[in-house]
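You will see two complexes here that share chain A, one where it goes with chain B and one where it goes with chain C.
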Partner chain A sequence: MKYESQGIAKMYFIAALGLFLGQIIFGIIMGMQYVVGDFLFPEIPFNVARMVHTNLLIIWLLFGFMGSAYYLVPEEAERELFSPILAKVMFWVFLGASVLTILGYLLVPYARLAEITMNDLLPTMGREFLEQPTITKIGIVIVALAFVYNIGMTILAGRKTVINVVLLTGIIGLAVFFLFAFYNPHNIVLDKYFWWFVIHLWVEGVWELIMASLLAYVLIKVTGVDREVIEKWLYIIVAMALISGLIGTGHHFFWIGTPDYWQWLGSIFSALEPIPFFMMTLFAFSVVNQRRRDHPNKAAVLWALGTAVMAFLGAGVWGFMHTLAPINYYTHGTQITAAHGHMAFYGAYVMVVLTMISYSMPIMRGKKAANETAQKLEIWAFWLMTLSMVGLTLILTAAGVMQVFLQRFSEDPLPFMVVQDELKNFYWAREITGIGFLSGLFLYLYSFFAKGKEVEFEEEQLD
Partner chain B sequence: MRDTFTKGMARNIYYGGSVFFLLVLIALTVDTVKRLPATDNRENLTEQVIAGKRIWEVNNCIGCHTLLGEGAYFAPELGNVYTRFGESTDAIKGYIMSRPVDGVPGRRSMPQFNLTEEELEAVAQFLKYVDGVKTARDWPPNIQG
Partner chain C sequence: MDYREPKLLPGDLAIWLFIFMELLVFGLFFIVYAVMRIQNIEMFNHYQLTLNRELGAANTLLLITSSYFVVRAVHAIRVDNVKKCIYWIYAALATGAGFLILKSVEYSDTFAAGINLSTNMFYMFYLSLTLFHFLHVILGMLILFAVAIKAQRGAYSAQNHTGVETGASYWHMVDLVWIILFPLVYIIR
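On to the complex of A and B.
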C-alpha cells in the first residue's frame, strides 16, 4: 500500500462479503420456495426473501464499489484520501442503515414497516429494487454524496488519470440517477418509465463506467502494460457503454404503455449494448497477453479475465437474446429475464468487485499476494461459483423457453401456475446449482484464512 | 489499437457521444411524456385508484407478481388480471380475501393481508385501471399473462 488511507477499503470489503453471504442464503431460500411452495411460509414469504436477496445484492455491491474507490483513488491521485474520517463514519452509517432495513424486512410485515417509517410523508416504497423505506433512501443519498465529495476532492487535489476520472463520472452518475427513486407518480406508466432511470441507467449505464475503470486499474497493476494503451481502451469501452446504453433504456419501454417508436429505438440501441462488453473481453485478454510481468497474484488475474468473459456472456449475449422487441413480446417477465439477470449481475458486478478484493486484500494484509494454498482455494472457489452460475443460467433459460412456449406462444396457452408446476424439475436442478454456488462462496471466504507457503517472485518486477 | 487512433480521439468520443445521447434521451423523454395521455388511461386515475396503488406498494405485491411484465416471476401477471377474472373487481377482491393464513401445504400461496373492505376495493380498482393502459400490441400476448 502506497498510501495509508487506502486501507479503509478493508472494512468496506469485509462488510461486502458478509452481506454477499446473506444474499446467497436468501437466494437458496427462494429457490426452495419455487419448488416447495410453503417453505418457511408464512414466516418468510417469498416477497420478503426476494426483497432481502436483491437489496443485499445492491447494498454489498455498493460497499464493494466504495471500498474499491477508496483503495484505488489515492494511489491513482498520488495523495492520501481527502477525508479518511468521513469515509469511516459513512461506513458505519451505511452499514447501520442497511442492517436495520434488512431486519425491518424480516421482523415486521412490510405494510407495518411502511407505517413505522412514515412512508405516507413521501411514498417511495414497494417498487421493485427500491423497496427501502424512504428514510433509508435518504440515508443512501447522504452516504453517496459524502462518497462523491470525498473521492472528488481527492481527485481534484491530485493526479487526474483516466481511470479515476471515469470512475468519478460513474459514481456521480450513480448518485444523480438514484434521485429518481424519490419520484413516485400515481400514474403507473410514468412511474414505470422513470423507475428505469434508476435501474437501467445504473446497471446498463453508469455502473459499467465503474466496472471498466476497476478492471482497467487491476489490469495495469497485474500486467504492467503501458497506461497509455489501457486508457485508450477504457475511453472507448465506456464511450460505447453510454452510446448504446442511454437510448438502450428503450428496451424497457416496449410494453408499459409508452409510444411505439421505442420498439425500434430500444431494439436497435440495445442490440449494440453487447459491444462494450465484447470490447472488455478483448481488452482483458490482449492486455494480459502483452503483460510485462508475471504477477504473483494469479487469482486476481483469473478474476479479471473471468469478469470480462462472464459480463460479456451474461449482460451481452443473454441480454441480446431477448432484447429485440418481437422476441421480447413473448419473453418479457419470464424465467428468461431471471436467467439473464443472474449471470449479468454475477459476471459484471459481483466478479469485478471480487477482482478488486482479490488484488487488494493481500496488499492491505501486508503482502503482494496470498499464499499458495489460499490462492489455490480461491481459484477453486472461482470455478465452483462461476460454473454454478453458468449452470443456473442455462437451467433457467431452458425453464424460460418452456414457460414461453406453454404460457405465451402456444395455441392453447396454459395458466401461470399450471406452467410453474410443469417446470418443477428445472427448479430443483436450479436449487442444486444454488447450493453449488454457496459451497463455492464458503470456500472463497475460507481462502482468506488458509495458511500455506508464501509465493515466490522477484520484488523489483512490481511497483 | 493502432497509433493513428489516439487517446484524445477516444476521449472525445466518450464525452461527445455520451453528452449527445443523453440529450437525445432527454428529448425522447419529453416527447414520450407528451404522448402518454393517449395510452396511459389517466382519465381513470381516481382517488380510489391512487389509494389502491399505495395498498399495492405497501404490501410489496411486486415481490411475487409482475405488473406489465415487471416484478418477480413467482406469481401470475396482474396487468391483465381484471380481464382474466371476467372483468370483475369482486372476483379480484374475493381471491385476495380468501387466502388461507397458514398457506396451502406444499404449494405457493398468497399471504393473507387482512385488508379492509375499502382497501380491497381500492386495490381491485387499481388493477382495473392498469388493465386499461393501452400497451403496444396489446401486451401481454394472451389472457394467461
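On to the complex of A and C.
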C-alpha cells in the first residue's frame, strides 16, 4: 500500500461482503418461495424477501464501489485521501442507515414503515428498487455527496489520470441520477419514465464508467502494460458506453405509454449496447496477453478476465436477446428479464468489485498476494460461483422462453399462475444453482482465513 | 535517416476503431430508415418535400469545404508548417460552425411549424438522424479545437503529428456521414 488512507477501503469491503452474503441468503429464501409458496410465511413474505434481496445488492455494490474508489484514487492521484475521517464517518452512517432500513423491511409491514418514516411529507416509497424510506434516500444523497466531495478533492489536488477522471465522472453521475428517486409524479407513465433515469442510467450508463475504470486500474497493476495503451481503450469503451447507453434507455419505454418513437430509438441504440462490453473483453484479453510480468496474484487476474467475459455475456448478449421492441413486446417482465438481470449484475458489477477486493485485500493485509492455499480456494470459489450463475441464467432463460410461449405467444394463452405451475421443475433446478452459488460464496469468504505457503515471486517485477 | 514504417491508416489506430463503431451506429440507423421508407414510401416522399433542400445543400458544401481545410492542415504539418496547420484547422472550425448555424435555422423552422418526434415516422427519422449527426459535428469540432490548442503549444511537427491526423480522420467521418445522410433523407425519391 503506497498511501495509508487507502486502507479505509478494507472496512468498506468487509461490509460489502457481509451484505453480499445476506443478499444471497434472501435470494435462496425467495427461490424456495417460488416452489413452496408459504415457505417462511408469515415471517418473511415473498415481496419482503425480494425487496431485501435487490436492495442489499445495490447497497453492497455501493459499498464495493466506494471501497474501490478509496483504494484506487489516492494511488492514482499520488496523494493521501482528502479526508480519511469523512470517509470513516460516512462508512458508519451508510452502514447504520442500510442496516436500519433492512431491519425496517423485515420487522414492520411496509405500509407501517412508510408511516413511521413520514413518507407522506415527501412520498418516494413503493417503487421497485427504490423502496427505501425517504429518510434513507436522503441519507444516501448525503453519503454520496460526501463521497464525491472527498474523492473529487483528492483528484483535484493530485495527479489526474484518465482512470481517476473516468471514475469521478461515474460517481458524480451516480449521485446526480439518484436524485430522480425523489421525483414521484402522480401519472404512472411519467413515474415509470423517470424511475428508469435512476435504474437504467445507473446500470447501463454511469456504472459502466465506474466498472471500466476499476477494471483498467487492476489490469495496469497486474499486467504492467503501458498506461497509455490502457487509457486509449478506456476512452473508446467509455465513449461507446455513453453513445449506446444513454439513448438506449429507450428500450424500457417500449410499452409503458410513452411516444412511439422510443421503439425505434430504443431498439437501434440498445442493439449497440453489447459493443462496449465486447470491447471490454477484447481489452482485458489483449492486455493480459501483452503482460510484462506475471503477477503473483493469479486470482485477481482470473477475476478481471472473468468480469470482462461474464459482463459481455450477461449484459451484452442476454440483454440483446430481448432488447428489440417487437421481441420485448412478448418478453418484458418474464423470467427472461430475471435471467438477464442475474447474469448482468453478477458479470458486470459483482465481479468487478470482487476483482478489486481480490487485488487490493492482500495488499491491505501486508502482502502482494494471498498465500497459495488461499488463492487456490479463491479460484475454486470463482468457478463455483460463476458456473452456478451460468446454470441459473440458462435455467431461467429456458423457463422464460416457456413462459412467453404458454402465457403470451400461444393461440390460447394460459393464466400467469397456471404457467408458473408448469415452470416448477425449472424453479427447483434454479434453487439448486442458488445453493451452489452460496457454497461458492462461503468458500470465497473462507479463503480470506486460509493459511498456507506464501507465493514466491521476484520483488523487482512489481512497482 | 528518419525511416518510418508506412502506416496502413493515418492517425491513431484507436480513432479508427471508434470511427468504425460510429459508422456502425449510423449504418444501422440508415438501414432501418431505408426499410421503413420502403414500407411507407408515399408518406416518406410526401413529407420529404417539406424539407429545406437549399439549406441542406449549402450545409453539404460547408462540410465538404471544411474537410478540405483539414486536409490542408495535415499537409501543412507534414512540411513542418505549424502556423499554417493551425490556420487551416480554425478555417475548418469556422465552416463547421457555419453548418451548426444553418442547421439551427432549419430546426427553428421545423419546430416553429409544430413538428416534433411524434408528428410522424418520417419526421421521427429526420429529426433523430440529423440531431444525432448534429451532436457529432459538435464532438468533431471539440476534437479539432483540442488539436488546434495542442498545435499552438508546439506539440506537433513534421515528425510527430499523429494527433492532427487523428482529429482529421474523425472530422472526415462526420463529413462522410452527412454526405450519405443528405441524399438519403433530403433527395432520394
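In this section, the second predicted complex is superposed on the first by the 463 of 463 C-alpha atoms of A that agree within 3 Å, B and C clash if a C-alpha of one lies under 4 Å from a C-alpha of the other, contacts with A are read in each partner's own complex, and residues count from 1 in each chain.
By our rule, a residue touches a chain if its C-beta (ideal position, glycine included) is under 8 Å from a C-beta of that chain, and two chains touch if they have at least 3 such contacts.
Remember, predicted model here, so these are calculated numbers, not experimental data.
Of the two partner chains placed around the shared chain by superposition, neither chain B nor chain C is touched by A:Glu454. Touched residues of chain A were counted for both chain B and chain C, and B has more of them. Of the two partner chains placed around the shared chain by superposition, chain C is the only one that A:Ile275 touches, whereas chain B remains out of contact. Of the two partner chains, neither chain B nor chain C is touched by A:Asp226. Of the two partner chains, chain B is the only one that A:Pro413 touches; chain C does not reach it. In the superposed model, A:Asp260 makes contact with both chain B and chain C. In the superposition on chain A, A:Glu4 contacts neither chain B nor chain C.
Residue contacts after overlaying the shared chain place A:Pro45 against chain B, while chain C stays out of touching range.
When the two complexes are overlaid on their common chain A, residue A:Gln33 makes contact with chain B while staying clear of chain C.
Across the superposed pair, chain B and chain C both touch chain A at residues 232-233, 235-236, 239, 243, 259-260, 265. Residues of chain A that touch chain C in their complex: 232-233, 235-236, 239-240, 243-244, 259-261, 264-265, 267-269, 271-272, 275, 279. In the complex of the two chains, the chain C residues touching chain A come out as 12, 14, 17-18, 21-22, 24-25, 28-29, 32, 117-118, 124-125, 128.
Note for the complex: chain A touches chain B at residues 30, 33-34, 36-38, 41-42, 45-48, 50-51, 110-111, 114-115, 119-120, 123, 125-128, 131, 162, 186-190, 192-193, 228-229, 231-233, 235-236, 238-239, 242-243, 246-247, 249-250, 252-260, 262-263, 265, 329-330, 332-335, 337-338, 407-409, 413-417, 420. Chain B contributes residues 1, 5-7, 10-11, 13-14, 17-18, 21-22, 24-25, 28-29, 31-33, 35-36, 39-42, 45, 49-50, 53-54, 56-64, 66-77, 101-109, 111-113, 129-130, 133-137, 139-145 to its touches with chain A in the complex.
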